[in-house]
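So, here's a batch of structures to check.
Shared between the two complexes below is chain A, which has chain B as its partner in the first and chain C in the second.
Coming up: the complex of A and B.
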């Protein structure tokens, strides 16, 4: 129970007025950059680093953590309201959240996202406090073959985002896998499908693809339908807040989302996107309201939102215990530590306990602040939907373009955004699901490089995939997930015949 | 947007020109530094540290940092050579990684087209093994590689980068065929470090800063640094002192656009030299753990050409560059 004492002393550091102020600035900045597509927490921390050079290390690191948590929060707002995920980790939220917003249930969607993020952030931060030393050993033992097996599980569960037609879903997924091949191949250093365009060497940016497909595509589609049938958007239908039913349907997904997000976030190559999709597909399987999925099911917002916030706490596990940065933002925070001559890792807990525990304690505080900040704003945010459609979508196009340009100042990036926007429009027009494209772009390159790394290390022996216990277990889970639906269907038919 | 930025730059240039007429003595009042990488990486941090030192020491009135990320700097250098020709207020941060990236990307723009100003910092590569590895020193590692280069797996940064080149040079110095090395590139420093800590690979290679805290905590064993002689911050003799003829450093430098006059070149070189001598820069070096490697003028230009030639040989030998 040593952790309790340490946490208590950390709290005494975190509630100093200056540190509270830093946490507040952090969460405000984080929410703001999370809302803007393209500008993420990593960029913000990078730009702030030189400014904070002369500040107190504790305060500025607390601020960076606030930005990180805030960014995970803010991304969901635009995803729900205008179908524009601010971060790629908010994409799963957009799937159901935007449908809810269009049906006048934007209020409950935003509320379940905010409360879910709070619940997940708090549980995951507790996990960080008490489990970090154990979890990190497991995380480090994850080898390339285990990541490949994890990707196999993720690929199977992607089918949850396919909608009604598996063929159309697979087509979308393969477009994404194709896009994932563009750029310099990490293992051989050779460029593929980049046609001599240097901007394509660095692979296709996930946010450019997501913003193009979701935001630009949506704007074009809405514009094209305007004269045929005008979509009537009601900002609020029914209660602005979550009903008793909403609470009942949200709490389990929050917990399950956390259980996906925290451990996968702690893996050095885990990331925030994969747990959101695992959570989405789990909720879709477990829900009592399968007919609502695809038309605005609250479980589909609650789970992924909890998962992406929990993964943010997860990435702090290897960062604080080993000094391993596992996300762009974590890498920036590491640079932040180093500019004060602090090296995160096994020694930091011993050398500067005040700093580490102060940081962990302020994560709890930042989480509370975010909830207080976001819940009253829900009423304001949903008014956004009352803006006349032409203005709203023109505004979305402006924000999408600015965000993309801010992240990658290059005309090629803008051309890509436009091309993806047209692709998104055509896919909507011909009823192809959009999310699998982005999932393919995220998972494809990871699965490929991890498999090739595993085979490189094993000198070409494929048995390495079955010899590792973690990998073997995950592959069995993938296999079960693949076969089970068919078996159930067959049993159902068998029973029907018997009757 | 790029049009807008261009016109903004032109505006800034015009303003600088006017300011130049008024205060004839201060030539370098407004500088622009390009970091040909995304915010946060080593080049970006170098550019922003220069900004900090140059303005705080009063050497430049204002310094703008612009990021032009992509393809190991290939996009940044293309912009420098094509758009900033003759601009005496523009600098670009670059480093050893760019030498390799330009070669592997078959970039039409080469470093010959820029005006070298000065080398600023250097970081030596470190070779580490997991703490429970049977390999104790550079001789053991060399023997293992000589026996079968494919069985020794290396974890490091991107293919064709300084880590990869150093691993190939180590194999060559150990008397093995460098084309046969089993080098496994990882995208982030964190992932490679996890693979080494988890005992998935034989050895890891990267800048010493990436490994320092793990070595001190006893989780990794340092085999040696790629410096000529043992450096003050480690207890292990350098790899060269252990009898393996390998010396390589990951340096960072600044270059200017082509077509600037001799006066402009001198003014930029003077500004950088003043910055290197300032106490602000020395403080930054200490805080970031960077080693000062200041070298300017013809000595730097010649050193740069030698590095390009050696890198081309290595990358051709490992098959990343087709000759």
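Coming up: the complex of A and C.
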């Protein structure tokens, strides 16, 4: 019951007025960016990193977590009312949700999404509360070689195992790892891949990369294919409230969605797409109304929405206990910790329990705030969708460039932003996943330092990676995760089968 | 996933493979200039070697999918908006390098992007962009005291 005690002390941190305010700003921003197409939580955190540099670490991180949770709520609104989901985690929601909106049942669809997100978020955050101390206990015994092996697992699963193409996923990852090499190597003081450019000596800024890939890349991509498709906003008609029948049909999918979302999010497997589509196909199989699927079945909204929120909470488990980001947003949150010199992991739980438990406790509060923000106030968020697309993207680019030069006032930084923007555009066009690049840049240098620490302890003998039982097991898992998608061609394809 | 019935060699895919190969070479060349300080291990060379080797394998992998025509089908591309947005960014970079501050450049970027997304009101958008940039300047520069590149316009405030 140690977790209860820690949570209670965390709660006393979370209810401080300043932290409540940070949480509120976070969930407001998060919902807004979730609703707006073209901006996601990862980009928002990236843009806020330079601005929050001078603020209190605890408050900023609470805000980042609020943005993450809020983005998951807001994304469903866009998915239901416009057929284009705000982020990939809402793709399953769009399948049934948009059909419901077209049939005049947009209100209940939004309601089951919001309540399902709340139920799932709360259960999953409880899961995080009780799981985290156990994982921390295990993680304490990890040596550098074990950490390195664990990161290998994360690298592989994030990039190769569940994507459409393992080759393209790994290519993205290695581009990220390459970018992670740039700059002065801390251990030897030598510069790598810097070519005498001063801005490159102190590493590539995560902010610049993320903003370039997500903001500039997305703007270029959407602009280049504007002539192909037009988005259509579905007005919310009829009652906002769910009927008794709707409740009866929703609660089981919420629970099942949570059970898919949390464990898969907590495993270093990355992404909310897998649990959402697993939940969608399960609901489709179990439903008593199979004829409604494809025409707006409420189960198809309730399950996946619960799954994507639960997986967001699940992602925080490896992030907080091991310092392992498994999604783009989690990677940006790790960068958020790093900018204050904080390294998530067992040590952080021991040294700054106020910060970690304050964050976890504030997640419960953020969840409650989001339920209020998204149920009665959903009409307000829908208005955001009325912002004309030209102004929306022009505004995004203005904030992207200003955020970048605020972090590093140098034209070279903007040139890098543009280059990364073009990279992001090309990656979207040729269907390379974006998240592995960001994870590679952030986690690559960490993995390198763990590997080199392990090698210097073993006096350069690489066998140390196989002699530790933990490390050996993890490396075998990584190897299986790498080979599996090549052997079983269909693993990542259930995504495609559904639509 | 629609694989086209007739499999053709994908030129763009081959270009990607060649770029990856070039990057692998660049990392290797850069690595070869590093010095090893510790007698026991490869130190700063370990990661570049791993990355370089990985990129070579991936260049081969991408090359194979290009030859088999496995790349996803791509829709036609409208170049005008891309040129407009990149042009806006280039002007912003040039103006900041010349010391004109960022408000003018940002306003031009705003108007250029807005035009790229189909609006036909360049002058109005120029003013909106300038207003937005000014708002951000006051917020970040004055309230949060971050240093932003200043030019003649910024010094007025």
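Going forward, the second predicted complex is superposed on the first by the 269 of 499 C-alpha atoms of A that agree within 3 Å, B and C clash if a C-alpha of one lies under 4 Å from a C-alpha of the other, contacts with A are read in each partner's own complex, and residues count from 1 in each chain.
By our rule, contacts are C-beta pairs under 8 Å (C-beta built on N, C-alpha and C of every residue); 3 or more make two chains touch, one makes a residue touch a chain.
Bear in mind the structure is a predicted one, so any value in this text is a computation, not a measurement.
K.L.:
After the superposition on A, what does A:345 contact: first (chain B), second (chain C), both or neither?
P.N.:
So A:345 only meets chain B here.
K.L.:
So, does A:326 touch the first partner chain B, the second partner chain C, both, or neither?
P.N.:
A:326 sits against chain B, while chain C stays out of touch.
K.L.:
Under the stated touch criterion, which partner chain does A:411 make contact with: chain B (first), chain C (second), both, or neither?
P.N.:
Touch status of A:411: both partners.
K.L.:
So, does A:15 touch the first partner chain B, the second partner chain C, both, or neither?
P.N.:
Neither chain B nor chain C is touched by A:15.
K.L.:
For A:188 in the superposed arrangement: first (chain B), second (chain C), both or neither?
P.N.:
Touch status of A:188: both partners.
K.L.:
Classify the contacts of A:201 with the two partner chains as first (chain B alone), second (chain C alone), both, or neither.
P.N.:
It touches chain B, and chain C stays clear.
K.L.:
Kindly classify A:425 by the partners it touches after superposition: chain B alone (first), chain C alone (second), both, or neither?
P.N.:
After superposition on chain A, A:425 lies in contact with chain C alone.
K.L.:
Return first, second, both or neither, reflecting whether A:456 touches chain B, chain C, both chains, or no partner chain.
P.N.:
After superposing on A, A:456 lies in contact with both chain B and chain C.
K.L.:
Check whether A:43 is in contact with chain B, with chain C, with both or with neither, and answer first, second, both or neither.
P.N.:
It touches chain B, and chain C stays clear.
K.L.:
Which positions of chain A sit in both the chain B and the chain C interface?
P.N.:
The answer is residues 50, 185, 187-188, 190, 405, 409, 411, 414, 456, 459 of chain A.
K.L.:
Going by the contact rule at the top, pick out the chain C residues touching chain A in the complex.
P.N.:
1, 12-13, 16, 20, 23, 26-27, 30-31, 34-35, 37-38, 40-44, 46-48, 50-51, 54-55, 58, 61-62, 65, 70-72, 74-79, 81-82, 84-86, 88-90, 92-93, 96-97, 102, 106, 109-111, 113-119, 125, 128-129, 132-133, 136, 140, 144-149
K.L.:
Which chain B residues qualify as touching chain A in the complex?
P.N.:
Its residues touching chain A are 1-2, 5, 38-40, 44-45, 48-49, 51-52, 67-72, 74-75, 78, 104-105, 107, 150-151, 153, 158-160, 164, 182, 184-191, 193-195, 197-198, 200-201, 209, 212-214, 216-217, 219, 287-289, 320.
K.L.:
So in the complex, the part of chain A that touches chain C is made up of which residues?
P.N.:
For chain A paired with chain C, touching residues are 50-51, 54, 164-165, 167-168, 170-171, 174-175, 177-178, 181, 185, 187-188, 190, 192-193, 216, 219-220, 222-228, 388-391, 393-395, 397-399, 401-402, 405-406, 409, 411, 414-415, 417-418, 421-422, 425, 429-431, 444, 448, 451-452, 455-456, 459-460, 493, 496.
K.L.:
Can you list the residues on chain A that touch chain B in the complex?
P.N.:
42-43, 45-47, 49-50, 53, 139-144, 184-191, 198-199, 201-202, 268-269, 318, 322-326, 328, 330-332, 335, 338-341, 343-348, 405, 408-411, 414, 449, 453, 456-457, 459
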